[in-house]
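Listed after this line are the structures, all set down as structure tokens.
Here chain A shows up in two complexes: once beside chain B, once beside chain C.
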Partner chain A sequence: MYKFNFIYELKGLLRNGWIQLLSLLLFALFFFAFYNGHEKVNKRKSDILAAHQEVQESDQVMLKQLDSVERGMEVTASPWTIPSKPMAVGNYHPRVAAMDPSNLAFISTGQSDLFTHYVKPKTSGDDLALNFTEITNPVQQLFGSFDPAFVIIFLLPLIIIAFTYNVLSSERESGTLRLLASQPISLASWVLQKMVIRLFWILVMISVILTIVFYINGSDRSIASLLPVFGVTAGYILFWFALAFIVNLWVGSSAKNAIALIGLWLLFVLLIPSTLNQMGSTLYPMPSRTLMINQLRNAKAEATKKQDEILDNFLRDHPEYAINDPNQGRSFYHRYMASQQLVREELQPVIQKFEGQLQNQQQWISQLKWLSPAIIVQQELNALAGTSTRDYESYRKQVTAFAETWRQHLLPFLYNNQPFSSQDYKNLPVFEYVSLESDSTAKSTLVLAMIALGLVGLGFVKGMAYQSSRNIITP
Partner chain B sequence: MIHSTFIKELKELSRDGRVRISFLIVVLLMAVATWISKSQYTTINEQYQEAETAERHIWEAQGEKNPHSAAHYGTYAFKPKYPLSLVDHGVDKFTGTSIFLEAHKRNEAQFSKAADQTGLARFGDLTPDFVLLFILPLLIVFLGYNAFTKEKEMGTLVLLKSQGTPVGKLIFGKWLGIFTPIFITVALLFIVAGIVLSNLNDFGVFSWTSLGVMFLVYLAYYIIFINLVLFISSKMKKSGISLVLSLGAWILACLAVPKAASNMAESQYPYPTRQEFAASITKDQKSGIDGHDPWNKQAKMLENEVLKQHNVDSLEQLPFNFDAYRMQKGEEHTAEIYFKHYKHLKTQFEQQSKLYRNLAVLSPFLPTRFMSMAVANTDYSTHWDFADAAETYRVDLQAFLNGNFAENSSYGEWSYRADESTWKEMPAFDYDPPELSEILSRNSSNSAILSAWILGSFSLLFFTTKKL
Partner chain C sequence: MITTNNLSKVYGDITVLDSLNLNIKAGDLYCLLGANGAGKTTTINLLLGFIKPTSGSSFINGLAISENPKKTKKHLAYIPENLMLYPNLSAVENLDYFSGIGGNQLNKAQLEGFLEEAGLQTSAFHQRISTFSKGMRQKVGIALALAKDASVLLLDEPTSGLDPKASNEFGLLLQKLRNKGVAILMATHDLFRAKEIATHIGIMKNGQLKQEFVADEISLGDLEHAYLKTMEYKEAVL
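Right after this comes the complex of A and B.
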């Protein structure tokens, strides 16, 4: 019976063109999505490369100028930009702090369209002067990107729904269910068989298509790197098949099934995520950015008024600098850097409040993401692609830390009134981005599979009750 | 015939439990979305007013100061929110809300809401525009997918045919049967929105005309969907297939095409990165007048020119402070450089908009989305408009400060302090959004596309369907 069913289904699906249509559709969607994903990643890579090259070129100029200064020659440049002054190095020759894309960055655009992937922190300015957002047409951000994550999260379930909504009802509607009812097989296990065949086909198709598309788009990585993506996707597919199975047994006519399934899709993919987001931002509201600006302004105004006093205090706290500063050679930057330090310290808790609330919201989501498989998959894919909220948060932290390193590296030169020399060039700090590791993929895949199995079990129970209590031939 | 078909359809729909539930859900969603939007809108506007007053106070209470220090100290322009943004949030979430106005530099709007949200926000927000743009078309699909297929499946079509019912009249009756409940629901929703909006005091001027235009735009959008769904239903034999196809059209129009368009716009007409943009401006600045740089060639030329003009041989003899004068000239030059680079951005943006309009052939969602955002003053053009207004104000502010500096001090007198009351003389920044008539003329091509869609879909439904 199983073998017959299998062969019959396969023939049926091939003859009515379902499998051919599905393969073409999936191929086209994934191809386009992979192409878009790769294009974004390539742009990001070339932007970062260009930034590095620019710094290299400007470094050559800097070394030449330093060389001239050291040999006592005149340098044709504005006096405050000559790199023998440590603050000129700090402000006019900043390093690139870049966030290189991870191997799987093309899978999901995530938050990457909102943020910039390299900044050059300078010695002057506060942490807020580092603008991490990118200039783009916001319409693109509003519409989102046609990336593999979109195909997987939004479109795959719809394709599965179209592929499965009438597994039982079409038999009933065409009258073949009467024949089947005479066979020694339970309704639920018969529907399950038909589902498993479809599931099998989709999984085969997806793995073949992913492999082909992966190579067409010229990825130099091994295909094994795609394995976690495939795992999560398979879990998600499983979930939707299980849902379709239960709806097939539970609901009724083809159209009713389709409406029920679309309703569920709407619930899981659109309504639950947006409601959770809304609740998250109500429970952990972001403080007002506009009011933060007022705070920032007041802190700065205070600091400017008391610059001399601040410098004195600063030098008292840092006797190592005061020794070399017998109250002479105090320039603008001596006072400025000291007062900036104070402003930074004062604003730290304000900025921390924003990051803290963002972390709280993220925490809230990771607790409640189990309510919708779409959220689980989105979070996993973003984490795998290195484009999640947490990745950008970690990048911001690393850059802020690097900005401090950069400042602390050059400050001794300033307060010791020691010129920056070409010897010191090689000791300049370099930024190295450390990406986050995502380790929850296996767990999420497992949970998705468990939910799916639970649903199938539920379907069986319902199927039995249904079969024994009612006439299955007419709904 | 039209009348009886219409009555029958309405009765049938009202008896169908699914339809009742769907309508209930839509109204419920809309109510929740409006309530959330309203409370957000009120808090944001309160914060806006508080910030604006505080910032003006900070500016005015600077005390005695050199005008150029005041220029560096700068001030902020805050972007106001308008009543209709409650209905359509548009791109507001992705654009910054405040622009820092300082000497020598045009800054971008900072602090977008999206950057302060988690990845979950990218699924979309539960807002009125989400319900209007995505959920209502879905409701239309559910109402109309089986309008003809059910007659075919139950065999009643044969009966109708045998009575010699004209196909056109039958279609029109069915069309009215779906259009009327949609029309009533949407009209009620808009009236409620209008009442809510006109009861919000103090915040911007609410205009019923704008809301009316928005209503018409959405009505056009729904008419197109009704036509398409009925067309599909008339061509198909089975309800299930008709439903799947209609859903396919919905997915294509509302999800797939906008996203694909976004990718195409981004890759064909890219913006420079923030750093590249800043770097190319710096590059231009190096070759132009730098307000601070007395060694600069062009500044030297300016010096000679001014000396000759006033018939004196040293800068000290000029009747004004040449430092401040040169700074102002430098400021004007910088403003020109910024203008040039922002113009490039604007060209890219216009090219992208053109691409979106071209792709509107595939999706009525696109022109609707753009029209709706434009009328609500939440589109990207309005943001540009605001940023340009802020830049004009910045340039005026610099001219005012440098003018004060030049007039009241002599060359080299950097110790000059302007009076405490000086800062009040500069009027506060004030921004008025574009008028409705201007918005409509700017979006004339979008309304043309929308009209073409209506005509096209109507003729598809009525002229290609001779036989059922």
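Right after this comes the complex of A and C.
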């Protein structure tokens, strides 16, 4: 039966123009989405490149100034910006801590349009409250980005619904079902075969599109990077086909099938994700960022009032700095950096609470993501693209750690009253972003395939009852 | 061979088929006459396994339909009142498809041979079904029965809506099948065609088989009289 179904289904779909329309639609949607994704990545890369160039230019100036100082020449700059002062290096010549886009970043914008992808931590900067958010276009925030993940998660199910909602009902409505049902075949198998043919076509299209895009992309053409994207997409497509299969056997007329499938799309793609998101925020509310910044300011104000006392305490805790600290050498920065340390310590509980709640929220979504395949796929694509919340959280932590490294590298110069020299330049710490590995894609693909198989099995149970029911005569 | 033993179907309080007993042998053409709602189509739906009987049993070539739904369908062909085929496929393709999914793989010559035997003009073999008249589609239905080598043919008002020439051609095709030993059950309103082609005629009313005749033993006038009497209609005065 399969050979005949395959040949004639394909012929029928080609003759009524469905295949051509579907192929064009998929190509148009995906290529537009990939173009958008690439543009975003290119923008991100050029932003990071510009920041690096800015640092290079600034370093050239710094080295010239250091050279002048070391030669005993006069430097025409404000005294507090001359780089022989370690805090001038720390504040006016910071390094770029950038989150370079991964090779698959174009797949999913994820959180990349909400968070910044490079910062320049300074020695006296508030790295505790580093501003990781950017002002973005509110319309874009409302509708999301038109990237491949959007096409896969939101639009592909709609295309599958349009392609499958009436596989059985159209046979009843056109009158061919009676003739089909009089043949020695299982209707459930027959419907499944029709679905498989359509599934096959969509999978062929998707694999062709992904191969072309990966080839054009050029940065990573390996099958190893293509396979996880294809796998998770195929799992999601399989889920929607299985759902359409069960609706075809379970519901009835074409109109009812379409409404049922659109209802399921709303449920899985919009309602469950937004409900989980809402519940996550309600159960684990994030502490107010404004409150945190206010606390930071208050702590700073308090610290400023008693900077001399703080500095004494700080030097007691850090005797290595006190050795070379003649009282006359104490400057603003000696007091300021010591007070910053105190502020940081005082604010630790607030920051921990903030991070804890963020972790709770993520854990909550992660545990319940199995309720909606859309969430599973979104999380996996974001993880593969390196644009997930987890990736940005990791980046934020790496930046905070780097800011501390930067500070700790320059503090000995400050407290030892040692001038920064051009020889010290090459030892300045450099930030290198370590991306997270996505290790759950295979598991998620497998889970999606298992759910789909379960649904197909359920469809067969109904299918057995279907063949000897009035459904063949009336819906 | 078609056999039914006290076959009944009840929907709620309504009995649509009441203890039907039929025995249609190979080479018989049994016409079931009756008004709309008499139970003719229900009988065919039960024989096709589309619905389950409330009581009683039915057999195709000795195989119980309820226990062997797939096996019995291998032996039977079915032509509904309005045979719908795939409009985007040609007659040959439709025949190939329906035969193929039933497990009967045929080559092009065989397919064209069956369509020719069913009386379809050669020029229509490769035309899309969307251009076919009802009579032409019914011929493809006959070709399907021929291709399947069905020993039982179920027809549900196949000649309704056909012009007299097409109806006559269809009748001749059925007689050819009957002569090949096919057991045929045809539900129809067409008394004239029934008298012309049937070997046996039954009149149904309210789900019951009221009268049965051997076609050769009754004239068309007597058949009409019996039919109208069964239906409790007043005969028209000519």
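Going forward, the second predicted complex is superposed on the first by the 456 of 475 C-alpha atoms of A that agree within 3 Å, B and C clash if a C-alpha of one lies under 4 Å from a C-alpha of the other, contacts with A are read in each partner's own complex, and residues count from 1 in each chain.
The definition used in the following text is that a residue touches a chain if its C-beta (ideal position, glycine included) is under 8 Å from a C-beta of that chain, and two chains touch if they have at least 3 such contacts.
What you see is a predicted model, and the numbers here were worked out from it, not measured in a lab.
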Fit or clash between chain C and chain B when superposed on chain A: fit
Vertex chain A; arms to chain B and chain C (CA centroids, nearest 10 degrees): 90
First, second, both or neither for A:K3, with chain B first and chain C second: second
Which of chain B and chain C A:T389 touches, first, second, both or neither: first
Which of chain B and chain C A:K353 touches, first, second, both or neither: neither
Residue contacts with chain A in the superposition, chain B compared against chain C: B
First (chain B), second (chain C), both or neither touched by A:K11: second
Which of chain B and chain C A:I185 touches, first, second, both or neither: second
Which of chain B and chain C A:S174 touches, first, second, both or neither: second
First, second, both or neither for A:K397, with chain B first and chain C second: neither
Distance of closest approach, chain C and chain B, by C-alpha atoms in Å: 16
Common interface positions of chain A, toward chain B and toward chain C: none
Parts of chain A lying in touch with chain C, wherever the complex brings them together: 1, 3-5, 8, 11-12, 15-16, 174-176, 178-186, 190, 467-470, 472-473
Chain C residues within the chain A interface of the complex: 45, 48-52, 69-71, 73-74, 76-78, 80, 82-86, 88-89, 93, 96-98, 100-103, 141, 144, 154
List of chain B residues in touch with chain A within their complex: 18, 36, 47-48, 50-51, 54-55, 58, 62, 73, 76, 78, 90-91, 93-98, 108, 110-126, 130, 134-135, 138, 142, 145-146, 238-240, 243-244, 247-248, 251, 255-256, 258-263, 265-267, 270-277, 279, 290, 292-293, 295, 345, 348-349, 352, 356, 380, 383
Complex interface listing, chain A residues touching chain B: 32, 36, 39-40, 43, 47, 50-51, 54, 78, 110-111, 114-120, 131-146, 150, 154-155, 158, 162, 165-166, 169-170, 253-256, 258-259, 262, 266, 269-271, 273-278, 280-281, 286, 288-291, 293-294, 297-298, 301, 304, 354, 358, 361-362, 365, 374-375, 378-379, 382, 388-389
